[in-house]
Structures are given as C-alpha cells and as structure tokens.
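Structure record follows, encoded as structure tokens.
Chain naming follows the written order as A, B, C and D, and within any one chain the residues start at number 1.
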Amino acid sequence: MTRVAFLGLGAMGAPMARRILAAGFPLTVWNRNPERARAIEGATIARTPRQAAAAADIVCTMLSDPAALQAVADGEDGLVAGLSSGKIWLDFSTVTPAASRRAAERAREKGADFCDVPVAGSVKPATDGTLKLLAGGDGPVLSRAKGILDAVSAETLHFGGVGQGSAMKLVNNLMYGVTFAAFGEALALAQSLGLPAERTRGWLLSIPSVPPYLRDKMDFLAAGGEPAAFQLSLMEKDLRLLVEAGGGPARVPVVDAARGDYERARVSGLGEKDFAHVLSFLGGPFSK
Amino acid sequence: MTRVAFLGLGAMGAPMARRILAAGFPLTVWNRNPERARAIEGATIARTPRQAAAAADIVCTMLSDPAALQAVADGEDGLVAGLSSGKIWLDFSTVTPAASRRAAERAREKGADFCDVPVAGSVKPATDGTLKLLAGGDGPVLSRAKGILDAVSAETLHFGGVGQGSAMKLVNNLMYGVTFAAFGEALALAQSLGLPAERTRGWLLSIPSVPPYLRDKMDFLAAGGEPAAFQLSLMEKDLRLLVEAGGGPARVPVVDAARGDYERARVSGLGEKDFAHVLSFLGGPFSK
Amino acid sequence: MTRVAFLGLGAMGAPMARRILAAGFPLTVWNRNPERARAIEGATIARTPRQAAAAADIVCTMLSDPAALQAVADGEDGLVAGLSSGKIWLDFSTVTPAASRRAAERAREKGADFCDVPVAGSVKPATDGTLKLLAGGDGPVLSRAKGILDAVSAETLHFGGVGQGSAMKLVNNLMYGVTFAAFGEALALAQSLGLPAERTRGWLLSIPSVPPYLRDKMDFLAAGGEPAAFQLSLMEKDLRLLVEAGGGPARVPVVDAARGDYERARVSGLGEKDFAHVLSFLGGPFSK
Amino acid sequence: MTRVAFLGLGAMGAPMARRILAAGFPLTVWNRNPERARAIEGATIARTPRQAAAAADIVCTMLSDPAALQAVADGEDGLVAGLSSGKIWLDFSTVTPAASRRAAERAREKGADFCDVPVAGSVKPATDGTLKLLAGGDGPVLSRAKGILDAVSAETLHFGGVGQGSAMKLVNNLMYGVTFAAFGEALALAQSLGLPAERTRGWLLSIPSVPPYLRDKMDFLAAGGEPAAFQLSLMEKDLRLLVEAGGGPARVPVVDAARGDYERARVSGLGEKDFAHVLSFLGGPFSK
C-alpha cells in the first residue's frame, strides 16, 4: 500500500489529509503547529518535515506561499532531506511557476519526482473531495499518483510540465481579480452618475456579462464580509506576479490596472480582508 | 386609441415596430431608407420625421448614435417640428445622458415629454417582446406610455430622471467591455506562459468568475465571428464616454485600460467587427 | 520673382507673412476673417483660397488643425482648385502625418508638390524669423522653396518624406505634455506627503532632470496663467493622436497616462486654458 | 571638539567621511567589509556599529536601503545600542519616510536625536563637498550638527520633521524616473513612425522641455552605459514606494506608468544596469 505524508494542515490541508486517510492510505502528518497534526485522528505524527517525507512514498504539501514552501523543504530537517529515489512530491499550494520549478529541481537531486497540483475550490469541496486540480508535471508521474489525486479531487486537469499547474492557477485567479475590480469601478461610475445604488446593483447582478459568483460575494459583503476566504493582499500579490511573469504591465494593461485597484485598497488598510472588499473600497458602502 | 410613430427601422427597430402593430396600435413609420419602411406591413409611411411625429401621440426612435438622433430630431422636417403639447417622445437608442437631456429640452420647448428607454437585449428578444428597458424620465410620463413599453418589452426598470436610462445603459455596457478585455488578456498571458490554448480556454470558460456569455461569444468567434452584433468601435466609444462622464481615467483605471485595448484593436483595423474580436486581437487566433 | 500666397493669418501666420513680404516676395493673402488680411500692409488680398493659390508659385498655409486645413483645401473655391503643375504647397500647421499625406495626394492630382513644415517656436520667434521648421517632403522641393523657408525661420530640419515633419512635431509636443503632467503629479505627491509647497517647487525647479522651460511656465501660472499659448485641449488631442499613431496605449503607457491627466483636466473645465494649467489641476493651487 | 562616527563607506560614504576628517573632526569609522574602513587614513576603526556610535557625539550613516539601515541599527552590536542622551544620528541614506521615522523612534528611546539628510548629487560633489542635503528633523538638532553638514555639503535644505527629507528625496527621484521613461517612449514612438533615429534624438535633446541632464546620460549610454550610477531596479523600487506613499497608482497615473516601464525593463534583465538603460530598453539601441 502506498504510504502518504501530508505537510500543512490548515483550513484546506486538514480536510484533504482526512480524505486520503478515508481512502485507506497509511498517513504521516506534519504541521508547524503540532496541535493541528494531533487533530487528524488515525495519522502518525512526524516531528520534522524530513521525518514525514522519509516515512512516505508520496509526500503532499499544502502551504500558504512560496516562502512557506521553501521553509518546509530546505534545511537539515527539511522535506527534501527525507526524499529518495522513486518518491513523488505533490504540491497543492498556490505558488509561482518559478517556485514549482525550484522545488522540482531539489526533488530531482534526490532522484524523486515533483508535480504542482494547485487546487480550484475552497473548504467545502476540499471536505467533499470535489476539488479540481490544475496539474503540471510528467504524465506518468501523475498516473503513479492517481490514487492520491482521486482521493482529494473530482478531476485532475493536466496543463503541461512542472510549473504549468501553477501558471494556470495564477491565470485562473486573474479572472476573479479583474472581474471584481471592474464591478467595483462600475459601481463607482454609477454613483458618480447619480444612479440609485441598490437598483443599479440589482440590475448589474442580473446581466449575462456578470458572473453569478459576484452575487454570492455581494451577499457576503452585505452580511459583514467576514471571514476572509482569500486575502486581498494575496490577490494583489498574485496579480503582480502574473503581470511580471507575462513580461510586464504594458502587455496586460487591464490586469495591471486591476492590480493597482487592489494596491490602493491594501494601502488604505484592507489587505487582510477578503479580496471582495475591493468592491466596497471602490464602489461601496453596501448595506442590506 | 393611442397613435404611435416609429422612426429608425434597423435590425432592432423593425421587430419592435411590428410588436407595436401586433398589439393593435395604429402606427406611422419613417426610415432614412424608405424600403425598410415599406417592409412594415400595416403601417402608414411618413415622408419626413416631422410628418411621422405630427401623426402620433407617442413618437418612438431607435437610432444608431447621438449624431443620428440629432439629425432626425432637428431641422425643418425634423421630429421636433412635429411635436406638440401632450405628446411623448420615447428614445430607445443608446446615447449619452447629455444627448438624452438635450433631446428632452427640445421636446419641452414644444410642450412635449421625453423619456430615454435604451434596451437590454438584441434581435431575438426584440422579436419576442422580451427586451428589458432601462428608463430615465418622469414616472407619470412612463405610466402614460405603459401600453407601448409593454408591447416591446418584458420589463421597464426606472433609474431616475431624464438621462439616467442612458447612464445605466453605458454602465451596463462597461461590464461587457471590461470582461472581454480581461479574458483576452488572460488568454494572452496564458500564451506567454506556454499554457496549451484550447485546454486553457476550456478551463477558464468553466469557472464561476467567468460569465456564461463569454462562452457563447467564443463559439461565435470560432464560427468566423460574423456578423457584428455590436461593433468594436462603438464599444470603444461607449467606454470613452463613460470614462469621461465619470470624471476621467484616473478614477476608473480598469475601465480606462479596457478602453485602451479596444483602441488598439480598432487602430489595428478591427473597428467594424463585433466587439468580441478584442478577444482574438489580444489572445487569439482561435480555431475550432 | 517667386510669387507667394499665405492663407491663415492668426497669431503665428500674420508675422510669418510679414517676414515673407519683408524679404521682397510679392504676396497674396487670404484669411477666413478678412480684417486680418487687410492688416498685412503691402499684400494683395484674395477673395478665396483658390484665388490666392492661383496667383502664386508657392502657397503657404498656417491653420489650427486638420479640419481647418481640409476646409481651406477642398471645394470649388478651395486652395487645391487653384494649384497647377509646378506649384509648391508649404503647410506650416500642426496636423497628423495622415492629414499631411492626404494634402500631398490632393496636390499631386494637380501636378503640384507638398511639404509639411510645422514650426517649433511661438509668436516671438515667428516675428524675428527664428522659428525652426520640422520638414517632411522631397529634398529637391524643399530646396526650391528655400527662399521662403529661410525668410520665416532660422533653420529647416528635414526628417523624411511627406508626413514626417508632422510626425516629428507630434513627438516634439509629447515631451512638453508628459513633462508637465509628471511635474504636476510630483507636486500632488509632495502635497500628500505633507511637504511645504513653495520650498518643494523651488527645489524641484532647480534640479537637472527638470527642464528650465517649466520654470517659465510656473512664473506664467503664478501671474494668472493667461493668455493661452497652447490650449490644454489641443495638447490632449495631440497626445491622443500620437498614441494612436504609435499603435495604441499599451505601447506607450506613460504618454497614455499623461493624456489621461489632460483628459481629466479638460473634463473639469480647463480645456481652453493654456496646457500648463494641468499643473494647477494636478498639483495646485499656486500663488505668488 | 565634536567626535564623529561614519558607518557605510561605499562610493558615496568614503569621500564624505574623508571630508569630515579634512575639516578637522576626530573620526571613527565602520564598514561591513573592513578593508574599506582601513582605506580611510587618519580614522579610528571600530569593530562594531555599536562601538562606533559609542565613541562619537554625532553618528553618520550612508547605507544602500532601509534593510541595510535596519541591519546596522539593530541588535546587540548595533548602532542604537551605542547611542545615549545628547547624541545625534544623521542618516544620509535614501530610504522611505517610514524607515526614517522608525530610526528616529529607536534613537529617542536612548535619548538621542535623529535627522534624515539624504543627498542630492553623486560621487564628484561628494568628493568636492558640494552635495545638497534634503533634511528632515528638528531645526535645533540640525543647527547643532551644522559643522558636520557643512563639511560634506554646499547647502542643507530643511523640508520639515523627521521623514520629510526622505520624502523630498523620493519626489526628487520621480522627476528623473519619469523624464527618462517619457524620453524612451518618445524615441519608441519616433521609431514606429519611421523617423530617422539619430536626427530625432538630436532634435529632441535640443528643445526646452527636455532637461540637459538627458543629454549627458545619452552620451553615457552611447559609450557603453557602464558603470551604474543608480541601478534601474532601485529606480523601480523608489517609484513604487512613492506611488504607495501617495495613496496608490490611480492618484499618480504617469508616475505609475513610468514604474511599469522600469518593471518591464527589470523583468527583461536590466535591473542591475544604470537606470538610464530604460532608454535603450524602450527606444534603443543606440550606437555612436
């Protein structure tokens, strides 16, 4: 039976780890804060990332950003030190293509394989196993990891070599980021033109060029806008990384302008709120 | 029985005029090219806009832009010359709030009333009478015109005084314009990151931040992208008018950047194509 | 002796015409408002542009924009109707390269030659004959017109075929437009950072990356900022034409952003003021 | 006699330290790389920043950025640990207003005073003592430090409390950054319009809206563009900090667009070159 390790047991990682256990795989877990590891009943707890990786055939990570990924991977007690020939490292985190390629190189030095498989979906689909995975890496490696990928997701979409899953995830986030900034500016324009706020929002949320997702987020904001599902400062960061990865701002002026809206919202103090607060910043306030 | 005139019998105006006839109202029609007037069976044909307005209680216009509206309204044979006390002028065209207010002033000089009621929807809902109307003007005037408004639409939404229907229509168009520019830039970024084109489009068209409407337009482009439902140069113009109306570009950087994408696409020769061609310009080409 | 016609006798055209007379050339003049023609003592007054062109070997124009140029050129009484084989049309106006090329085609149909020779310099150098000319057209044609060019200018710089003088003039204006917008934004930032206004202006006007010209214009603004040497709305227009001519906004984001600053200033009501008022709009007010 | 310490003996710091020595002040020096300290003949060498500060009445720093400043200031062996009541810390580095205020707080905890006095000028004026200082801090403190300030500079301009010198320095750099980006875009437009490169550069460098400084830098680029006087990535960083400090990109669209030009140039691999290479990136190449 394939032995699995899971590192990073936050809001997303914990339910994903539980699904792997429920699918019958022996599981070793590690988390910076060990209490979250102890909460995964039925799993073995490792003291270090290295120990977790050493005990597994497939090592999964779900971390907050490239820096956290690197911190878990490197050093004497790091994940990479526990890798060896034939093992597979699956990274579910949202990072840059460059961070994915760096991790893959570290794995290769140990004879191990790496795939970037960032997830589309949030806590509920992580619990239900209905996430979708945007995968980068070698097809045969993904096939060898199929049991684990299937345990946590409804579908794995393969977009190319290492880093292409991360690239697809950033482009995916772009559409969220720009759509919200555009809607915020539409509401701001409507205000400056003297249009009635609630009726205007009602109309705009009904038209076919406005995605249904915006309606859910407007309800969320009207109900107070807490807690953050995805922090505004992270959206700004993803848009910036994407603009740079694409060759710079002049090539994608709309994306860059949206990044600017998030930058202003963050400078105004909204960085730790949900990214949907860019709507309130640009076109609010909203009340019931 | 209320007598109606309809001026401007293009792709939208003709089916709207027919619905008014079908609802039992006596109808006088006028069109710059008289052949299109003769095609409305059962209607009386006027030789001039003035003659059409003189013969009616409610005068409807559906024209291409502010200049066409002014050309039909002004002069010795113009619509305004045929207005008199108690008549109502309903303008279904998409124009600026300023153009609506100018028309209303001309009507008022004759003792007549004016409402701007631009339409949401295209040829099929115009034929079926399921358009939605975005109305500006006095409530009591709209009530007096209810029979006609109901004959051509499923719903009339009232957004304020004269010009506010036109304002709402421009903000409405913004969401189409920006969404398409953003999607085009997303495809361009995906290309520059080496992502597989068809698979990337497939994924992006499936996510909740992408409106279903984009899918229809991608099919339209894959099938050749003809004929234009809404010209790219008109989208550029609407975005520019809207940016200016809102106080200038720095206030709405995303909208202004989108305007820039349409400007570049128009400069490259795509001005008379459907606005969806901004997708091909930025992130194409697309094939089946 | 070469016979000369001069059409367009505004603030720049009148002193230029006088210099041609002073150099000993027989001169026929025309102006839309004939009083300005009568003010050129020693010149023959033509009743129409056609008559002026018919009476001359070299026909000069100095008009406000492409539309004015076309209005003087076209029609039964237009300048072009008075051209014939061997004549030369020198256009000193600031227009687009496309407008210059269109004029050249009209001249060619009559067997005449055309050069665009927009001027660098304002009223004083026009009076002193120390303007510089940015020339587009054939070298031999410019040589044949050398006597006239020398009468009005200190130097003629040749930048290529027809339209390249106009292109150079627009790029020339860019540096004025962007420098002023940048300085205005610098003053705005200084304000928002709480820096003392007068001392900050004093320092910035002293550093080597700030052109001396800004100092003169700051004095002009402090003295009331009247009259306009170059209207703000014209600067906006030149920047827009230039951005379009260069392929669109994404290729020249700084120029496009500067255009946006002038657009906002114009929307706020400053269009007919001198373009230096963009400084007051962005970073003012200034007092003595 | 006032005892002085100087920390940071790079291209600027070394000649400034020598001028203080030449003015007769007893001097203790420290540098991360001690060889550069040994090169200051006549100075006492300290082993740690703390030891340097402990040995002086006035402590000077000239470091590369906020991170370097903080690294030298903090910790057991840091500069702050060597401060005590009555001492003055003069920071000549270019940092953010926030970094200056943070340093001032650390000094105050020890009873010491702090002034931010970033310099305008480069190596030659540093050697000649003709720098200009842009000062933030209390007037009386600056007066007490007058002997030292006079030893290294021709003039000290006072712009307000702590941080206002740093603010003025960032605004100062803005005018360099935007002017170069604008000139680069002008050259790019000239290229796309088919204007002759060398002649166009010659003309633009002669007009009154182009600062003379650009001419020097064009000569520098034509001669190979090495070594970097001010790195391109630092210009990008300063513009970004400034845009954020001013409330975000929409408030200063021209500055933000210029930042974008530097961002693209840096992404293309020019980050460590002199910032003037933005000209080559946008509008080059240049040859003799």
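Quick note on the criterion: a contact is a pair of C-beta atoms (placed from the backbone, for glycine too) under 8 Å apart; a residue touches a chain by one contact, two chains touch by 3 or more.
Bear in mind the structure is a predicted one, so any value in this text is a computation, not a measurement.
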item	value
Between the pairs A-C and A-D, the one where more C-beta pairs touch	A-D
Remotest chain, chain A as reference, centres from CA atoms	C
Between chain D and chain A, distance of the C-alpha-averaged centres to the nearest whole Å	39
Between chain A and chain C, centroid-to-centroid distance (C-alpha), Å	55
Shared interface positions of chain C, touching two or more other chains	247, 249-251, 253, 256-257, 260-261
Interface residues, chain A side, partner chain D - complex	243-244, 247-251, 256, 260-261, 263-264, 267-268
List of chain B residues in touch with chain A within their complex	97, 120, 134, 157, 159-160, 164, 167-168, 171-172, 174-176, 178-179, 181-183, 185-186, 188-190, 192-196, 199-200, 203-204, 207-214, 242, 245-247, 251-258, 260-261
Complex contacts: residues of chain B adjacent to chain D	249-251, 253
